[in-house]
Each structure stands twice: as C-alpha cells, then as structure tokens.
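Next up: the structures, one after another.
Next, two complexes with subunit A in common: one pairs it with subunit B, the other with subunit C.
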Partner chain A sequence: MREGGVIETVFIFGIIWTALYSLITLGFYLIFGVAKVLNLTHGMIIMSTCYVTFLLVTGLHWGSLGLGLIGGIIGTVLLTLIIYLGFIKKLLTAPHTSMLLLTAGLANIIQQIIILTVGPSAKSIPSMITGSTAILSVVLSNQQILSGSIAFALMALLVLFLQKTKIGQAIRGVTQDRETAVMCGINAEEMYVITIIIAGILAGVAGLLVAPIQAVTPEIGWEMMVTAFTVAILAGLGGPIWGVIVAAAIVAYAELVTAFLIAPTLKEGAAFVIMILTLMFRPSGLFGKVR
Partner chain B sequence: MKRKSLAFGVLILGVALGLALVGKAESAPPIKIGETSEWDYIGGQGTKRGVEMAIREINATGGLLGRKVEGIYYDNKTDPGESKNAVERLLYRDKVDVICGFWRSDLGIVAQPLIMEAKKIFLVGGCGTPVITHDRIKKDYNTYKYTFTTTSYLLAISSEQGVIEAQKLGMGKIALLWEKAAWCDPWVDLWSKKYASKIVSSNRFSTTATDFSVEFAQAKAADADIIFFGSSGRAGTPSVKQWFDMKIPAVYVGYNIDAQDPNFAQLSEGKCQGVATAKVGGVTGLAITKKSLPYYNEYRKVYGELPIAYTNGVAYDAVMAWAHGVKLAGTVETEAVVKAMERQDFNYEGVCGVIEYFDEVHNPFGGGWAKGEPWGWVSLQWQEGKQVIFWPKNIKTGNMIIPEWVKKLRGK
Partner chain C sequence: MIWRKELFTFAGVGIIFIGLALIAPISDYDYYLIGVLTSACLWVIYVVSWDLLAGYTGMLNFGQLLFAGVAAYTIALFELNYPIPRPLMMLAGLIAGIGSSLLIGLPSLRVRSVYFALVSFAMLLVFSRITLTFIWIFGGDYGLSIPRVYSREHLYFTIIILMAVTIVTMRLVVRSRIGMALQCIREDEETARAVGINVSRYKLLACLISSFFTSLAGICGFYYMGHVGPEMFGMMGSFNVVLMGVIGGTGTILGAALGGGVLAMVLEYMRPVAEYRNLLYALLLTVVVMAAPRGVWGGIVSYWNQKRRIKKGI
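What follows is the complex of A and B.
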C-alpha cells in the first residue's frame, strides 16, 4: 500500500462520520430550535430504534430486514411522541434545569428497560447491503457508503422541506420567534408535534444507519447523546442546519486525527475537549443565536 | 407391664429426639454465597449466572453439609465505589460465608483488600490480572491467602498462541492492537518487548472504541501480516467486520470476547473466517471434562441461550471447587476451608478442567495444562462457521489456517 494510505483513510472515513454525526444531532437540534427543549432522551431514542429493529428481525422473525427497519422507525416515532406528550409537554415552561433532570431520568429508565428486557450483551444488526468498494485506494464496506449517502440525502431533503414547504416555513417561523409566528396564525403546538415526529424519524434513521457499522449495546445511547450534544453546542443552538454539518465535520475529523497523530485511546476524549473549549470561549457556538 | 411402659417411654423419647433433630436441621441457617459483578456487561452477567448455576446444583443435590445454600447478588454497576459498597453490604450486613465476583480486573483489585481484611474467601469471578493472585499472594501470603481463582492469571498466554501459530505459517510482522485495560496491561508490555523486532505498528484503544479504521490503515500501511487484537469489551464484532470489509491483508488473532460466542459467525455476518481468539474450553460445547457438556446443555435450558462469556464456567467452577473444599474441611470456617483448598490431593473435576490442586499463588493446576500454561483456556479459530481448537495440543481439534482471501491479497 502507498504511504498516503492512512491520510486517505482519515479523509474518507471523516466524510462518512460527518454524515452520521450530523444525522445523529439533527433531531436533538430541531427540537431545541422549535420548542427550546434540551432533550437528553435523544440518544436513548436512537438506541431504542436499533433494539426494536433487532427484536423484529431476530426475535419475532419478521424475516425481512426491510420490514424490521420500517418497524424500527415507527417504534421510534411512537416513543418520541410518548416522551413528548406524556412528560416533556408538561414541563415546557419550566426552567432548563428541570427539563434536563426530567429527560436525564427518562433516559436512564429507557436504558435500564433495555438491559432488563434484552440484556447487556452486544447485538448486531445485519448490513442492508453486502460487499466493499475502494475509494481513493481506501476499501470501505458498501454499508458504510450507503449509510453516509442516505444521511447526506436525508439532510438535503430536510433543508428542502424546511425552505420550500408551508409546514417547513411555519416550523422555521416558530423557531425564529414563537410569539410573532402565533400572531400570524401559526399553531405553535401543532408545529411542536410535527417537529417531534420529524426528529423521531431522523433519530430512527440515524440509529439504523449506525447500527450495522458498530455493535449495539445499552451504552451507545449516552455516547450518541454526547456526540449530539457536542456537535449541537459547537454548531450553536438555534443556528442553521448547515452549521450542524460543519460542526459534525470538525468533531469527526478531530477524533480521527487524534487517533492517528496522538493515540487511539484519546479519540473519544476529542469530543469532550471540543465541548469544553466551545463552552469556555464561544458559548453561543460557531453559528448559534442562543447564549 | 413395667417393661412395656419403659419401652413405650423410650420410643416416645426417641421420636421426640428425632423430631427435635429434624427441626434443628431444617432450622439450620443457610450457607450464604455473595456475588457481585458488572451486570451490564456479558462478562459480569456470566459471573452471576455461573454462581446461580452452582447454587442451583448444590441445592438440587441436598445442599452443603446438610444446609441449604443461598445466593445474595449485587450489581456493582462497573463502578469502583459501588463495588466497595456491594462488598461491604455482603460482608457486614448480609454476613455471607464467601464472596464470588468481579469480571473487571480494575474492580477486583480495588475490592480484594476489603474481603481479605474481613478474612473471608474471595473466589475470583473472571479477572485476568496477575495482580490479584500472582503478585499479591506471592508478596503477602498471610493477608491474601483467602483468594482463589479458576481464571488463570496466565490466560493471556492462550491469546498469544495465535501469533505463534501464524509465525509458523510464515506470517511475521505484527500490528499490536489491544484495549487499554488493567487485565492486559502487563501482557501488552511483555509482548511489546518480546516481539519488539517484529512489531511494525502498535496502538492501544479505549474499552468503548468501535471504529478501527485508522488503526487498521496504519497496520496495512506498515505491511503487518498479523493483527494481534485484544478486546474484552464491545470492540469484538465491529473490529472483525471492519478488518474484513477494509480487506486488511493480515491474519486476525488474539483475544476477542465476541468471537467466543458460539453465534459469532451469524453476528459477524460470516466475516469471521480465520479469526482466532482465546476462550475457556469448557464452555464451548466440547467435552473438556465429563461435566462440560451436561453443564453446557443445562445452561442452555436455564437461560435459553448458549454460554457466551467464559466467566459463567469460571464462576461455576470457583463456587463448586470451594464447595468441594468445604466438604473436605467439614465446615465453612474460612481458615479450615483455605487449608482444604490448599491440599495437594484436592482433585476437583469442573466444567473447565480438572483442578488437581491450587498452586502457591492459588491458581488452578492440572487436567492437561502444564505448569506455566493457563489452566482451562484454549485457543480457537473460526473455520467454516465452526470454532476449531488449535491449542493446547492434547485438546486441539484442528490446525490454524490463513483465510484464503488474506492469502490471495498477500500473493501466497
């Protein structure tokens, strides 16, 4: 292999992880933008999709991975709605600390339910597509390429939806100024619910795209939450969607470069360093509007 | 008439005495076995299940010294503080007779002194570190003599067999890629020196890592032909998938807790052909002793799945060996049981192997493993969807191979 193999690997895998980190973050980011809710159950919702799909495919023997995937997404949307309508909605006007405590508690409950019902051992979701392809001399599994491509495509669709449709424009209106949007006749509560459903779909798809690449365990919920939180803090809460992609790229490449140049053991720490530095020196993030 | 009355009186007295004795036996307090491990990991869950299996069997066969055995279990939540709390609860609130527990070495190292201070027997539930037995018992026998293990501290030697066999097959340049964890740190240091001239790439990763793209790319760039990989966490399946998908032209050997799972061929989507790992042989479904297969089948019946982690067999053997020591001593009193377990004619047949005796640092010895070999451990390789044992030589079921796709990529 040529000398430049490692640098090319960092470059290519950086693109894949940028796409996946962006998708992992978007649901969390949207809910904060619209409802100003810091929802710490977001990572557990992503994890739950993986488990629902796993149970449908292997436990109930639905047979078809496609049906399992759809079932996983539907399950995720339902869980997101239950969490919102049953718990979060009641604390919408409460201080952020109360919301953080509530959602952290719910996240722990979801994780314990998974451990008690499915068990702590790692589960594997089958790949949607087999084989591998070389890009710039770096060999990737077709699943990794597919996951990255779907993530980018979904983000493009989301941007189009928010800019070109009436509902999308109404969501943006509520995000920018809730009171004015309500005065213009927009039903803010309805927009909250629609955003929750969109966030649930994004979380579900994110889970399904990441699951075949890495092992599914009850711990990945918190890890995804840390990733989403770091990317969102760096992008700046309430900012544009492309800001999330830029922030995701910074986090993904920081992790890979840390593993390459410093030590693989410090790879996960790179995200925390970014989070701390952002909070210390630029609390509103790179593109945020909320301090 | 008098004689009849006397006989009747003796009969009544006998019956009363008998009833009193029966009553006493029934009311004898149970022997308590405390268990604490990391229930959110399959390793720790295996320890708990091994203890459950042993207690179930002891009670089904009439108890121990005529007394029922009761298990008291606490999840240590993989946390040092919680581990200490669990051990203190077991020792001073539940007043257990013996403690079996800990899969994670770092937690076992922290908890061991508390158990020793209380002069209770500590049966190691799966920690692979040399610190707990080899180092501490050797340095301070009187304090640490209450510790016994059925997980040999030499277990890492079975991981190294893959490297040794691969070298015999003409592979030589090693990419050392092990998790950063207490149990394997001394071994990685040792191998780093032993194979210094052969190691072309060396990396440690965190126990939560699941992406090895950079590390594998470095190994490939350095032209390594052996990936010497070690993970007791969840890196197992993703690393194997990535090694196969990235077409890394090297054999994959070492320690992979996921590859110990009998369902690994399915979990890895068939990408595990040629992957070699160490495992406790008695829980692979092979008749290592006459107890191995019945245990394997019983486990499957009780838990509805195959034994995944090695720790279930280890913890089962630890408790059963202790029970054997109790029978030899005729009491659960700690000092007497320690003496019984130190007997050179100890001879306990477990599911992982036969323990002829515990050596001077309370590691098991016998049953086909020579001095200096990790008792109970085998090296196996995935070949055509099956686990083939290639070490030790008197237990092996086949030879190690190099996967065809690796051969092809290396032009062999």
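What follows is the complex of A and C.
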C-alpha cells in the first residue's frame, strides 16, 4: 500500500481532529454559555478520564475494555458534578477572578493527584478495535476512524437534543438571556446541573476517543484546555453548534499544517496565533452573538 | 499628602530593607542564606507586580514569569552570541520583557478581562514550546548558562534595593489616580468607560508597569543564577506567583509582598517533600479562594479596621 501525499494526509487527519476538537470544546463551550463560567478544569477532566479508563483496564483488571470505558464516563460525570456542586456553585456570584483562581486550583489538584498516583510518564490506552484502512491512499487505523465517527455522531445527537427537546430549548434560552428565561418559568439552576452533566459526558467521551490515538500525559490537560478555549472564542459565544465545528476545523487544519511544515511541537503556536487574531480583530468570534 | 498616608508602608519597607542589608555582613556573606533571601526578594517583586495586574486591574495573569523569562533569555542570547556593552544588553532585555507583556495585553483590550487569564496562560505554553523546539538557539531543556559576571554580594544589594523600590513605587501608583482608575476597571468596565476612563490605555499601562519590574527582577535573577531555562515558562513557577499573591491577599500590594516573602522561604524549606509541594499548594489555593478570598493581609486589615471602629465607638 502506497503512503498518501502530504495534502491527502493533512486533509484526512484534519477531518478526524476537527471532530475531536469540537468534542473537546463543546463541554467547555456549553458551560461557558449557560453559566458564564470559564471552567479551567475542563481539560483536566478530559485527561483524568483517560487515566481512569487506563487504571480500570490495566490496574484493577476490570476485564473487558467496554466496562472500563463505561466506568471512565461515569467517573467523569461524577467528577464534574463534584466540581460544580462542591466548588463552582458556591462562587457563582463572586468576582470572576475568584472563579478563575478556583478552577485553576482544582485543575492543578487533579493534575497533581494523577502525577502522584499514576506518574508523570506517558501512558497508552489500548485501542477499542484493531486493524487499519486506507482512505485516499492515506493509511488510518480503524481506531482513528471510529473515534472520528463517534465524535460526529455524538455531536449530531447533541444538536438534536438542543434543538428538539424541551430541556435543550431551555438550555439555549438560559444561554441567550438568563433573566428572561427565568421569567418564562425555566429553572436556571436546574439547567446548570443538566448542562454540567452533559458537559461531563462530552468530556468523558472526548477523553476516551482521544486517549487511544495519542499518548496520554498529565500535560495534555492544559493543552486541551488551550485548544478548547481557542475553538470556543473563534466560534464565539452564544453561536450555533455548527459554528464550533467550523472553528474546530480551522484550528485543526492550522495546527496540522504547522506540524507538517515547521515542527510538530509548535502546533499549539498556530492555535495561539488564531486566538490572538480573533481577540484583536473579532472579539465576538465568527458566529457569536454575545461578547 | 499621599506620602503621609503611606508612612506606615515606607517605614515597614525601610525596616525590612535595613534588616536585609545588615544580615549579609552579619552572616559573613553566607552563600546559602544570601541565596534564599535573594530568591525570596525576587519572588516578592514578581508577586507585587502580579498584584497590580490581578488585584487592582482584574487581569488575572497566569504567566507572570513569562516577562522575566523573555528578558532573561534575551540577555542570555546577547551574552553568548553578540557581546555588546552590558547596559545595552539589559536595555534590550527590558524592552523584550515589556514587549512580551504587549503580546498578552493587546489582544485582551477589546474583550473582558476574563480572557486575559487564558491568553497569558496559552502564551506560557507557546513560549515553553518554542524554547524546547529551537534547541540550537535556546538550549532546550538545559537552557542557557553564562559564567559569573557580577559578584553575589553586589547582586544581593541590587535586588533588595529593587525590591524596596518596587514595593514603594507600586504603593504610590495604586494610591494615585492611576490606581483609582484601575480599581474602577476591575469593579466594572462599563462604568469605568462611562465615567470617562480610557480603559484600554489604563490596562496597557498596568501591563507595562507590571512587566517593567518583573523584567528587571528577571534580569537580576539571571545574573545571579548565571542560568535561564524553560522552567521560567513552566506552569508551576507562574502558578506559585498566583498562589503567593492570593494567600497574601490581592489588591493591597503589601499583602502580596508578605505572601511572596513568606511563601518563598517556605518553598525553600519544603524541598524534602518536593513531590507533594505542588499538590499542597493547589489545595491551599482552593481553600483560600473558597474560605478567605481576601487573603491573610485582607483579614488582618479588616480586623484592624473593626477594632479601630469599636474604639471610636462607630
């Protein structure tokens, strides 16, 4: 089988990373939209999912990978609920610097606990499926294809949920205008909790899908945080979900091109340039309505 | 007038300064002691500069050491590659350090201060990546080292003078109109705009002042160690600055100085339990933010004010 050219490779991998970046961002984006909380623990939550799964599968011998995956997601949702109900909720009315400090502190706690218990070295999570397929003469492992597909499917479900169900509409209402939504009889507090649970599920699945593709280190929590933030502000707050996907595509392709042309270690630099340009020239993002 | 109100501050800074200046000859220039004190003074400068941004302006900087790191790397590059006169090198380092603050300051002007935190944080990540990628320029993990240029004693005295100057200047700045404007911006940007404060200009000014002192401290620190490495752009260094500021008490300068000085010493003596240090610090930060958002100094001040009020019978 012939190796694909650079253009094909960037194109195909770009699609997969678009899906994963969107998924990484969405949880953060929803919480930011609904509760106006910049949740700095989001990246760490995704990272800890990878480690919980890793421990369940290899350390505790939970048997099948499937049980480990479910355990990972449940663990993530519990973690986000603890973080929200135990900490974030108490400071919702405090100045925004307090909230940032709090979530930064919590993120560091999660990271340090993982460094102390599992160790700082890179871990790899076993793939869910094996084998590889060639698309456009680019060889992809089936795991990568599976991760991309699940991510897209989950996003489609999320869009359906937000557009069609009562709860989804209520969440969008609170995002757009909290006061009016409360006046219409929506329990904003309840929507916060539901959003947190959804964000937890999204973060959990994102962690599970990313983990088998790249090496997992305690550092990727912060890297994912920066990615999520970049995609979120590029998409703009209060915008449609497909805006996030477009923004994720821009960031993913910019990073891949940088990685191929300059150096793989500088791919966060591309994200950073996008972040700076967005904030300077279009602070409300590409599709955002709230500034 | 402002001088009289700040008499307490100046007296305190003066006493500590004289104490620090006397300790060196009394201890017969004990290198360990001087080393600990020097690093504590540097931390104080970093934290005090951080407080101007975070405590007064509401721009929470997660990458305070970035300015110092950029200044130090610039000087190191000049020392190793282009031997121009030293004052010029220092000027270049200072300019680079201040310039790096514009890199996070400018994008944050049009958006709420909330974003500043994440931009500063992302910047740290990018700079550490750059130093680790272009190994032939920045020395990768090992960083850059130069032979000793100035004696430790000279640098020690320079640094304690710099510390005293920094605290006094910051105190004067925050008590002046500039400080008032910054606090107004912190409380409510819209209102600040409405009363005619040029928000962008004051935010930039805060960035410049803060990065000016941080860069100077970075330069002194570089000459003291003779070394600069990617740990300047590491997460934990700048996180320590945030922690010291929060525990000391934000928005007072003096609280930040206290937190920086005390915690830097604690940091030094916690070397035996180094692996748990970061976890402990993160826990401490969370607890302080939840339970005592005004920090130790804020607690002291409010206790003092309360006592005075009772005494006056108000």
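Please note the rule applied: the second predicted complex is superposed on the first by the 282 of 291 C-alpha atoms of A that agree within 3 Å, B and C clash if a C-alpha of one lies under 4 Å from a C-alpha of the other, contacts with A are read in each partner's own complex, and residues count from 1 in each chain.
Just so it is clear, contacts are C-beta pairs under 8 Å (C-beta built on N, C-alpha and C of every residue); 3 or more make two chains touch, one makes a residue touch a chain.
Fair warning: this is a prediction, and the values are worked out from it, not measured in the lab.
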### Task
State whether A:280 touches subunit B only (first), subunit C only (second), both chains, or neither.
second
### Message
So in the superposed three-chain picture, is A:185 touching just subunit B, just subunit C, both, or none of them (first/second/both/neither)?
### Response
neither
### Query
Touching A:95, do we find subunit B (first), subunit C (second), both, or neither?
second
#### Entry: subunit B versus subunit C as contact partner of A:223, first or second or both or neither
both
### Message
After the superposition on A, what does A:113 contact: first (subunit B), second (subunit C), both or neither?
### Response
second
### Task
Scan A:104 for contacts with subunit B and subunit C and give back first, second, both or neither.
second
### Contacts of A:122 with subunit B and subunit C, given as first, second, both or neither
first
### Query
After superposition on the shared chain, which partner residues are touched by A:6: those of subunit B (first), subunit C (second), both, or neither?
first
### Summary
subunit A residues where the subunit B and subunit C footprints coincide 115, 223, 263, 265, 268
### Task
Going by the contact rule at the top, pick out the subunit C residues touching subunit A in the complex.
54, 58, 60, 62, 103, 106-108, 110-115, 117-119, 121-123, 125-126, 129-130, 132-133, 235, 239, 242, 246, 250, 275-276, 278-279, 281-283, 285-286, 289-290, 293
## Note on the structure
Residue positions on subunit B within touch of subunit A in the complex are 39-42, 44-45, 180, 203-206, 208-215, 217-218, 220-221, 223, 234-238, 241-242, 245-247, 258, 267-269, 308
### Query
Contact residues on subunit A for subunit B in the complex?
1, 3, 5-6, 9-10, 13, 17, 115, 119-122, 124, 126-127, 130, 132, 138-141, 143-144, 213-215, 217-219, 223, 256, 259-260, 263-265, 267-268
### Query
Which subunit A residues qualify as touching subunit C in the complex?
38, 40, 87, 90-91, 94-98, 100-102, 104-106, 108-109, 112-113, 115-116, 222-223, 225-226, 229-230, 233, 263, 265-266, 268-269, 271-272, 275-276, 279-280, 283, 291
